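Once you've had a glance at the structure underneath, I'll fire off some questions.
Lettered A, B, C, D, E and F in written order, each chain numbered from 1.
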Amino acid sequence: MHWEIELLMMLVMITAALIALHIRSLLAAVVTLNIFSFMSAGLMVSMGAIDVAFTEAVVGAGAVGIFNILAIFCTTRSSLD
Amino acid sequence: MMELIRGHYVYLLLVVLFLIGLYGMMVKRNLMKKIIGMSILQSSVILLYIASGFKDGATVPVLDPALGPDYPNAYLNPLPHCLMLTAIVVAVVTLGVSFALIIDIYRNYGTIEEPLLLERMKDEE
Amino acid sequence: MIGTPIPLLIPITYLFLSLLVPLLGWWRASAAWAATFAGAAFAAFLSFAGLEKVLTEGVLHYRLGGWPPPIGIEFVMDPLSAFLEVVVTGIGFLVLLYARRSVAVEMPERAVPFASLALLLLTGLSGMVITGDLFNLYVFLEISALAGYALVAVGGRRASFSAFRYLTMGTVGASFYLLGLAFLYITQGTLNMADMARLLALQGYSVPVVSGILLMVLGASLKMALFPMHGWLPDAYTHASSAATALIAPIGTKVAAYVMIRILMLTGFPPIIGWIAWLAAAGILAGSILAIAQTNLKRMLAYSSVANVGYIALGVCLAHPLAFTGAVLHILNHALMKAVLFQAAGGIAQKMGTLHLFRLRGLPARMPLTTLAFLIAVFSMVGIPPTGGFFSKIYLLFGTIETRSWAFLVVILISTLLNFFYFFRVIESSFFRPDRGADLKREPAAEAGRRDEMSLSMLLPMLVLAAAILAVGIWNGPIVEGVIARGVPAF
Amino acid sequence: MTDSVLLQVVFLPAAAAVGMVLLGPRAGKAAGWVTALVLAYTTARLAHAGAALWGGAPPIREDYLVLSPEIRLAFLADGLSLPVAFIANVLCWVLSLFSQHYIAYRIEGIYGPLPPRERWRYTSRFYALFLLFPIGFAGVALATNLIAMYFFLELLTLALYFLMAYFGYIQRVRIAMMCLLWGIFSAVFFLAGSLLVYSQTGDFEIVRLGTVAGTPAAPWIIAVFLVGLFAKLAVFPFHVWMPWVHAEHPTCIAGLLAVYANIAAYIIVRALVLPLYVDFQPFGPPILVLALVTMVYGSLLTLAQSDIKRIAACSTISQIAYSLLGIGALTAVSLEGGMFFFLSHIMGKTVFFSTAGIVVYVTHVRDVRSLGGLAARMPLTALLFLSGAMMLSGFPPFSSFAAEWILFSGIFERAARDDLALAVGLIGVAAILLTVAYTFQAARRVFYGPLPAGLHAEAVQDPPRSMSIPLFCLVGLSIALGLYPEILMGLLRPVISGALPALP
Amino acid sequence: MKSASTSPIIQVAIRGLMPVIQLVALYVFFHGHYSPGGGFQGGVLLAVSVMLGRLALGMDMSQVVFRTGIAVGLSALGVLIYASTGLAALLAGGEFLNYAFLPIPGLDPPGLRNLGILLIEAGVTVGVMMALIAIYDEIVDSRGEASATATPEPEARRMEDVRKPREKGVDPGPEGPERTPVAP
Amino acid sequence: MRKSFHWLLLLALGVLLALAVCGLPARGDLKAPSHRAINPAGAPVAGTYYIRHAYADARTPNMVTVILADYRGFDTLGETLVVFTGSVSVLFILRRRKP
């Protein structure tokens, strides 16, 4: 029924994953990873796992986002590959 | 064939995601990138479990007073959800520890690029 | 009826103490250590009591939360897990005794978190051994893994980078395990080990099941550093602090090996074991050869660990009772040997100021007791009869003979020769400096350096372990007949 | 036997060694005498047991430790193992007395003038290691289990390693390592052979080996064992280590080294020939040829040496080949002769080598070319040296004459039906001449002719009594055996001739 | 990040946001029995609110201030609450974590289980919140330290770079200190 | 060389995983083994048991919470312990001063 949405979200996730791995700027990579995590939360919702989706959202946007940015500020913003 | 794809396309795409994550960990030389690959890897496994808990035409695993508990096929399988909550927590904490390690590495060597790191380690000897 | 709580109490003791230690640490570090020792001793005592009970009364089950097995989580103590539990808790206790002083010398400001992490590691390891639930195993695996990453990360300047590698490899291993478990869960619908074993025996193998098992075994092999996946291990062991290495090296990889054994056992030794056996054989040779190329004592020991993990995997994958016995006995032996060797290495680094193989001149005169323990462990490592190492090797050899796998027999024999070579290099350089070329040079009292042993609290655990190596050799009959034979599955 | 003679023989030295390790420098002064005392006691016990056996008592068997169902520690003293253990023990006793002065000189030579405490520390260390040899020899000779035998072989290898590396000559550490690796190489093959036996019989007992006879596995078992034991025996392709080791070890253990190498001949007889006589037949001719090659090669090599220690080393290569010749001929008489020769040879080698050691000890010179004319100054030593030379080359009053006689009569007995044996036997007899040549050439060079100017004449005199008297005892024993070989043959014959089945 | 953000907009926004997040967190925690959510999510949200405060307002200005060691200790306390609940059941005669045996009078087993779940969720909340805050604080602290002492190696390299040409008597030039000493 | 090895490894793993995944029951299939009530060995299947009994056992409508905190409570204890381990680890790794 709503498998089109799921497929779209999966494709966005894969794209986000590839971008996050390929982009030079780590800050951008981390933001892309946030998109990835948000999409995976959406996918979880669409598959009915609301608890997990909620956790993923809270963790992905909140804790991991903050940690990621903190780590980048503590180290370096750009990557060689 | 179409049947197989409709039933399994999520699994197949998750396998692709798993491989992307593994690729990031193996090929990328920046430590942060490796960590990003690691998150992707873990996410794909988590989603695989979630997908396995799905049932056609079922609702979320919160008891619906109108439905009652006697029709198991009316609710999604809650077990994988519960398991994946744990897995997500584990993934987050692993991430936190790896950040601590990256920061420590940066403090010692001033870089988080693997080739440069190895070079500087060699210089040290 | 609620069964005896012994299976529960072993990991729970560690768990509570790991939580109490930071709280006690606010007050006084010595209190934290006292609690650590008391807890570790209690857990060791419990595991001995548990082993005794298992041997007299049969398998112990403990239902957590009161839920019966496929619904809730279950702890199972059968002869095999009880045996492993004794290894983990016993060696854990002795190494913790050693660690206090070692930590005080190497990183005094981190004593309290170290104690807490060590207990967390033991929580994870003892839990992995005793749990009867495949997902619970993963949770314990992650507890021990995280504690392990942290313990490895402090030490030399490079420690954090080697810990990072360990972390990435470990996480990949855990993810493989989880993915494999997903396949098994989706196809069988259960997480309980006993249930899973029954279902697999009933339904046979299919592609997802076999690849699930393969992935889980791959994950376990990553954790146990089986040959092509051993990349993280040498660095991690070399750069970590000596207390951390002495704790992780003996029991960390062994418990991962145990996980592999468990998986293979409950899935009825699927056809993939043939490949793993070849990997293990390659690991035995590669580990031994790489060990010869090292000049750092700890690094050499790390490579020898790679080889020895190969023995264990080989023994399991030959799928024969005798080889299995050898593998399980080798878990015990290798844990004892590596504990002694790494403890000795820690003491040597502390007192001699170097771990370079060719700068250990005068070691026996300065540290006679350490040298004695080291020698016993080396003899066991190369397999000289009255020590334990010989017997695990001979059981493995029996297994290769019974299964007519002559190639593996040759591999083990060759590795014995290689073992001799690299361990006796250490002895050569510490007892007799390698004389380069001509001299009948006067070496006026070069060995007459003053005695400078490790402190007693470090020395004593090491000597006890060294004595245990001999004891295991002499009483290997009762150990094999009384304990291991009961845990050998039907092939 | 209720008082467990054999256990005492094996473990009394072990107890003494442990004591020395624990006491360290405090034991140093007495270490040599304690060792001699312990070995004298064990030798006496063995002699007593041997006499009883000769008088018709049954073989002694003692069971001790069961390490696992397949691995047991038990000792068996029959007519074959008892003489070997006894003679090895006698040699150890002799050398323990001989070593006392030599090792003091050696320690000073290596480590310089030391304070007494350090000197005694080294002395007690030497004797602790020294004591491992009688344990090992007795263990190998008396063991009934292949794994126990393997253990004692490993023990010998390790003891030799440490002894060489501590007290050897210039290249000692490197050579010790090489020797260790050869020893382990041989031990690994021995272990592999044992495992093959296990795979066939499910046991490691030597007596059970007979059940393999006639199976297709038997030749493989024999081949694997032989490779390992040839490496120990320093037979031609595996002889590399022998000259080096002999050149660098402290001379006082030369006799032990000869036993260390040669005891493999005993193992071949005990573990291969006796239980697997029929299956061993095809290996006879190759062994004969190898033995011959080794013998001639070793002799020629010896003639070319000028270092007094190397002379002895290379001679060992050629001498060991004689006992192998006896094994290769595979007749009852030749086997007995081979064993007899093995025992005679180790006695002769001990005397010859130790006398060379005395020369080195007294003159501090190893090169034969800068020696000469010592006979006038050291008559007793010259006498010993000549006796040693005669013992090695098989001159009549000595036991090796009798041994060679029996050995070659065995070979010629085979020669009646085997042309190869005839040829080998003839060349072997001729090769004795080479032995005569090199031993007496060395004697001539060292003891006759003019005294070179470089030597401090006043220092050159006969050594202390404790060095020479034990050697004379050994010469006496050899003469006794030579005059009345039945002492030994009476013990060997029931075990060897009695055990060999008739050939099909 | 120890110092406050200078932008007033962020300050105001965060000050407004923090109580809201905390309120949501408490709701999530208490409503976990009925809707998605529970201890872990509540804990994370609480931690996030505190972390946001620190991120925007600086360590001293945020309302919740502890020493890092204390945060770890509190996290241990949280887990202890959980484990002690289980232990209480064990001591009261049931299995570990069998809430039906909790020594609380006046409740039937399902009610006891309900309460037990609440208790352990509380433990989880405290444990997770404090643990995340501890991780954050440690990272920030170490960073502050690192910037105070400066990363040791590049500093040393720069010094070397400056010194070397001077010894040779060559003017380092304007770009001298900027050169990277490590050959690529 | 190294790079092509990586790709080969990924390819092999990909093929293996794809094969395995295609052997799984289709997503959403009600007859999948993990959705049954009783498994062939005669034991109840956990997921279905939870749906049936969660409310009766703990009077809590959210089944995931009940499983998390009660049926598989030890997993959650382990999970919390993992979080705690993380905090101690970071403390241990980054500590540079006196406690």
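Simple rule for what comes next: contacts are C-beta pairs under 8 Å (C-beta built on N, C-alpha and C of every residue); 3 or more make two chains touch, one makes a residue touch a chain.
Bear in mind the structure is a predicted one, so any value in this text is a computation, not a measurement.
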- Message: Give me the set of chains touching subunit B intersected with the set touching subunit C.
- Response: E, F
- Message: From the centre of subunit C, which other chain's Cα mean sits the farthest off?
- Response: D
- Item | Maximum centroid distance from subunit E, chain identifier (CA atoms) | D
- Note on the structure: So, in whole Å, the Cα centroid of subunit A is separated from that of subunit F by 20
- Item | subunit A and subunit B, separation of their C-alpha mean positions in angstrom | 10
- Length of the line joining the C-alpha centres of subunit A and subunit C, rounded to whole Å: 37
- Just curious, how far off is subunit E from subunit D if you go by their C-alpha centres, in Å? 74
- Any chance you could list the residues of subunit B touching two or more other chains? 6, 10, 14, 16, 18, 22-23, 51-54, 61-62, 79-83, 85-86, 89-90, 93-94, 96-97, 99-104, 106, 108-109
- Message: Where in subunit E do residues touch two or more of the other chains?
- Response: 34-36, 38, 40, 69, 72, 76, 79, 83, 96-97, 99, 128, 132, 135, 138-139, 142-143, 146
- At which residue positions does subunit A touch at least two other chains? 50-51, 55, 59, 63, 67, 70-71, 74
- Task: Quick one: which bits of subunit B touch subunit A in the complex? Just the residue numbers, please.
- Result: 6, 9-10, 13-14, 16-17, 20-21, 23-24, 28-30, 32-33, 36-37, 39-40, 43, 46-47, 50-51, 53-54, 58-62, 76, 80-82, 84-85, 88-89, 92, 95-96, 99, 102-103, 106, 111-113, 115
- Query: Which bits of subunit F are touching subunit B when the two form their complex?
  - Reply: 3, 6, 9-10, 13-14, 17-18, 21-22, 24-30, 32, 34-35, 37, 46-48, 50-56, 61-64, 67-68, 72, 75-76, 78-79, 82-83, 85-86, 89-90, 93-94
- Message: Could you list, by residue number, the parts of subunit E that touch subunit A in their complex?
- Response: 1, 28, 36-38, 40-41, 44-45, 47-48, 51-52, 55, 132, 135-136, 139-140, 142-143, 146
- Query: Which of the residues in subunit B come into contact with subunit E in the complex?
  - Reply: 62, 85, 89, 96, 99-100, 103-104, 106-110, 116, 119-120, 123
- Which part of subunit C faces subunit E closely enough to touch in the complex? 2, 5, 8, 12, 15-16, 19-20, 22-23, 26, 62-66
